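Dumping the structure here so I can ask a few things about it.
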Amino acid sequence: MMGRHLREGVKNLIRNSWMSVASVGAVAITLLILGAALLIAFNAQQMSQYVAGQLQVNVYLKQQVTKAQAQQIVGEVQNMPGIRSVQYVSKEEGFKQLEQMIGTQYHDVLGGLSQANTLPDKLIVKAANPQDTVTVAKEIQAVPGVDKVDSGQQVVNRLLAFLSVLRNIGLAFVLGLLVTAMFLISNTIKITIFSRRREIEIMKLVGATNWFIRWPFLTEAMLIGFIGAAIPFAILTLGYRSLYVHVGGVFPILTFPLLPVSAVAIKLFGVMLLIGLFVGIWGGIMSIRKFLRV
Amino acid sequence: MMGRHLREGVKNLIRNSWMSVASVGAVAITLLILGAALLIAFNAQQMSQYVAGQLQVNVYLKQQVTKAQAQQIVGEVQNMPGIRSVQYVSKEEGFKQLEQMIGTQYHDVLGGLSQANTLPDKLIVKAANPQDTVTVAKEIQAVPGVDKVDSGQQVVNRLLAFLSVLRNIGLAFVLGLLVTAMFLISNTIKITIFSRRREIEIMKLVGATNWFIRWPFLTEAMLIGFIGAAIPFAILTLGYRSLYVHVGGVFPILTFPLLPVSAVAIKLFGVMLLIGLFVGIWGGIMSIRKFLRV
Amino acid sequence: MIEMQNVWKNYPNGTIALQGISVHIGKSDFVYVVGPSGAGKSTFIKLMYREENPTKGEIFVNGFNIGRLKPRKVPLLRRSLGVVFQDFKLLPRLTAYENVAFALEVIGAQRQIKRRVREALDWVGLVDKADVLPEHLSGGEQQRIAIARALVNNPTVIIADEPTGNLDPETSWGIMKVFQRINDRGTTVVMATHNKDIVNTLRKRVIAIENGRIARDEAKGTYEYED
Amino acid sequence: MIEMQNVWKNYPNGTIALQGISVHIGKSDFVYVVGPSGAGKSTFIKLMYREENPTKGEIFVNGFNIGRLKPRKVPLLRRSLGVVFQDFKLLPRLTAYENVAFALEVIGAQRQIKRRVREALDWVGLVDKADVLPEHLSGGEQQRIAIARALVNNPTVIIADEPTGNLDPETSWGIMKVFQRINDRGTTVVMATHNKDIVNTLRKRVIAIENGRIARDEAKGTYEYED
């Protein structure tokens, strides 16, 4: 029996070609936009993780600490739990970095400052988990020889707040697109079925059960959903792959790494197929219902 | 005669209520997403202008210039063409600003620096047109008493490049949405008309001219487009207004001003109405054509 | 087989189509339903396969209580009937063959579909139009496909609403012979018709409906509407 | 009025519906077109209002050369005719009144629409069904609305495809009286029919089509298809 329904579904799709193209087109273009938004969202999330991964604790050592003692402290910190990396920055390196950081605008101002100005030795510590940055900073404070610890708490908080605002806007937009896609797809299926309400009524009058009528429509809706998801998926994956290859896997200007094609493709395929197929079927069931009451 | 067509269009819309609701819904939700994207895009453009407006030329005066001479130079620069504003920053103020700018991470490092370190007096000059910043800087270089001029050329260029990438991504997305909206709306109208192809054929067989048949359909498409544009316009304008009032006209975290409601509403209304109405009509004309050949 | 007791039908727009119909049609009866245009013949027939629900009164068809029938059971009722609709109601996307086969597929018949459909098409003389879509058939050909569909699954009751309205006299008599043969095998036939010739020649029971009421119910009756 | 010279019609699916029809129908003629189901009567009629284009041959209707007619001119041809379609072709979203009025609105008539529509509805006896949608009318009532629509704008030629197929004999004779009256006023009437009674009683010219050819063309002819 399933064989008949599948056959009928495919047959309807083909005989009804004009309408089928319109429906598949509507589903495809809706999912294309949604998919593009998802691609950006996935990468933005990856970026925010990448940026969070840059968070660091600056540990300033006391003036009287010698180079040898400093190396000892480095070892000690390295052995603490929850630490990913420890980097030692000497006074001299520190001055160079300060010069660079202050940058062009105030560069000449520093010209008057002698290198003799005593900068302290510094350790740059990264937590294994960016969220633990502040906790790690507190623990390091207790290590002897350590003068001041700066976890950049303010910067951290401001950055995380900014990223969360960005994420929320993005999320709201993607959710909006998702709801839109679902509405539009089920709407398209609805209109398609509406235009065939007389046929449904006739089938009912000839003695067909509700499921006998539903199945071919559902296979058809499923096919529309599947093709309508496959087309934009192909376009997006190929487009993203060529972009990825073109820029060498790193987003220019912002210089942060893009997600590899394979990682993105699976998620994208899942979301798009899920929407295409299941919204199609659900929309189909809901709108056939109206016309089965004969 | 126009009266009849308008009347028939409205009548069809009402009698065909199920399909009408579906069509208006599809148009409305498409334009809602497009409108939201446009609102963000308008504000992003405004932001990039705002940021560009922050561009400035730092003019460092020679050490020997007295406060009185400095005031004279300020007046001179102010009278040059293409200048929006000139702000005088004394040595002392300059040091405070440097402290602030260096920020938390390196703050204690500066503790060792005495205020006696000779910072030069400084003028902060803004060009009337941000793009002219570099040109203005060159002209100021020629003024006597000026030591160095820093237009931050590197920063300017990097910032402008970053903004243009952002703008391009946004533009591509909005354009994509625009095309989608146009496709979906004309597709919806197409399906609506397809489901009434028999009626069109009958009218033709009874002796109606093509335009006699088209007009009621077009008024109907126009009404669908209009209502489908008005609903999301109302939602977006009210939503944006309440957001604007809620945050006091300034976007939090980034602290840049939002566009006022009135400025946004007109553009939004224009774009949405244009798409809703004209895409509706165009889609209508194109798809009726098929069925008029009887 | 078919039993109606004081059946009324008011349409939602206020038209009272039937006003107290009581009738009994036994197994293997052959009944003509006659009456002027708009008298209520189609309504009378639509109640039997539950296209319309009665406003008042009891209807039993093949043991189903129409007024109390659960929606789930309606397909079972309809499968026990063969219905020729006044407006044919062919599925526009299916060929003539597929339209007839549909009535067999609906009941889950798997075997001999091909043979049985060919046979039904042969009864109505349209074997060579098997692969044509309804919109490419003449009016009379469409009507004959509708008849073939009603006959194909050997129903116990045939209900036909003006099955010869679009047929020439010769073809009409061909169809009547098929109905007669099926009736001889024990199938009940209920047929609304305007065809005076047929009613007056092939004499059967005649139920005349006028203005929603049974005006006459005669065994071996005549059409009796002279101009 | 209507002139056909060696007209052939092959449908795209290969059916040859007409094979060399030549006929002349003059002003205020009254012609019955008879023939078995699928003979080509409807095709013959569809060519006159250019629903179908001839494959070969020349057709002139009311001075229009059908084969060479520009699409822009087709509405003018159709407005000069009143057509009753075999499948009615009523607009489903318009009431009975609006369906009839549509034929007047199409020609740009502004005045007296109400009076003329009422009059046409009166001819077919359906004034009290004016505000009903087609799907809420009986088969015969729908057919009569289709007839009223064809008559309402006083065409010079009435083309009717089985206009009494769904009507009881009494109502059919009422319609025939209207056709006769209109014909007396000088309107040409071409009517495909299976109604032997009418053809043999109200004697007119009979064109018999069989297998796409004119088998017989007699003034004051008879139906001549006995069972």
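Read from first to last, the chains carry the letters A, B, C and D; within each, the first residue is number 1.
Definition applied: contacts are C-beta pairs under 8 Å (C-beta built on N, C-alpha and C of every residue); 3 or more make two chains touch, one makes a residue touch a chain.
Here the structure is a predicted model, which means the values were calculated and not measured.
Colleague: Would you mind checking which chain's C-alpha centre is most distant from the centre of chain D?
Modeller: So the farthest one, by centre of C-alpha atoms, is A.
Colleague: Quick one: report the Å distance separating chain A from chain D, using the average Cα coordinate of each chain.
Modeller: Centre separation, chain A to chain D: 67 Å.
Colleague: When the C-alpha atoms of chain C and chain D are each averaged to a single point, how far apart are the two points in Å?
Modeller: Their C-alpha centroids are separated by 28 Å.
Colleague: Approximately how many whole Å separate the CA-defined centres of chain B and chain D?
Modeller: Averaging C-alpha atoms per chain gives centres 63 Å apart.
Colleague: Residue numbers in chain C touching 2 or more other chains?
Modeller: Not one residue in chain C touches at least two other chains.
Colleague: Drawing the touching chains as a network, do you get a line, a ring, a star, a complete graph or other?
Modeller: ring
Colleague: Using the touch rule from the top of the page, what pairs of chains touch, sorted by label?
Modeller: So the chains that touch one another pair up as A-B, A-C, B-D, C-D.
Colleague: What does chain D use to touch chain B in their complex?
Modeller: For this pair, the touching residues of chain D are 49, 51, 71, 74-76, 78-79, 81, 83, 85, 89-93, 102-103, 105-108, 149.
Colleague: In their complex, what parts of chain C are in touch with chain D?
Modeller: Within the complex, chain C contacts chain D at residues 11, 13, 15, 34-38, 42, 86-87, 132, 136-141, 144, 161-162, 165-173, 194, 196-197, 223, 225-227.
Colleague: Flag every residue of chain A that touches chain B in the complex, lowest number first.
Modeller: 18-19, 22-23, 25-26, 29-30, 32-33, 36-37, 40, 58, 60, 94, 98, 101-106, 108-109, 112-113, 117-120, 148, 150, 152, 154-155, 158, 161-162, 165, 169, 173, 176-177, 179-180, 183-184, 187-188, 190-192, 194-195, 252-254
Colleague: Inside the complex, what are the residues of chain A that reach chain C?
Modeller: 1, 4, 12, 15-16, 199, 202-209, 212, 293-294
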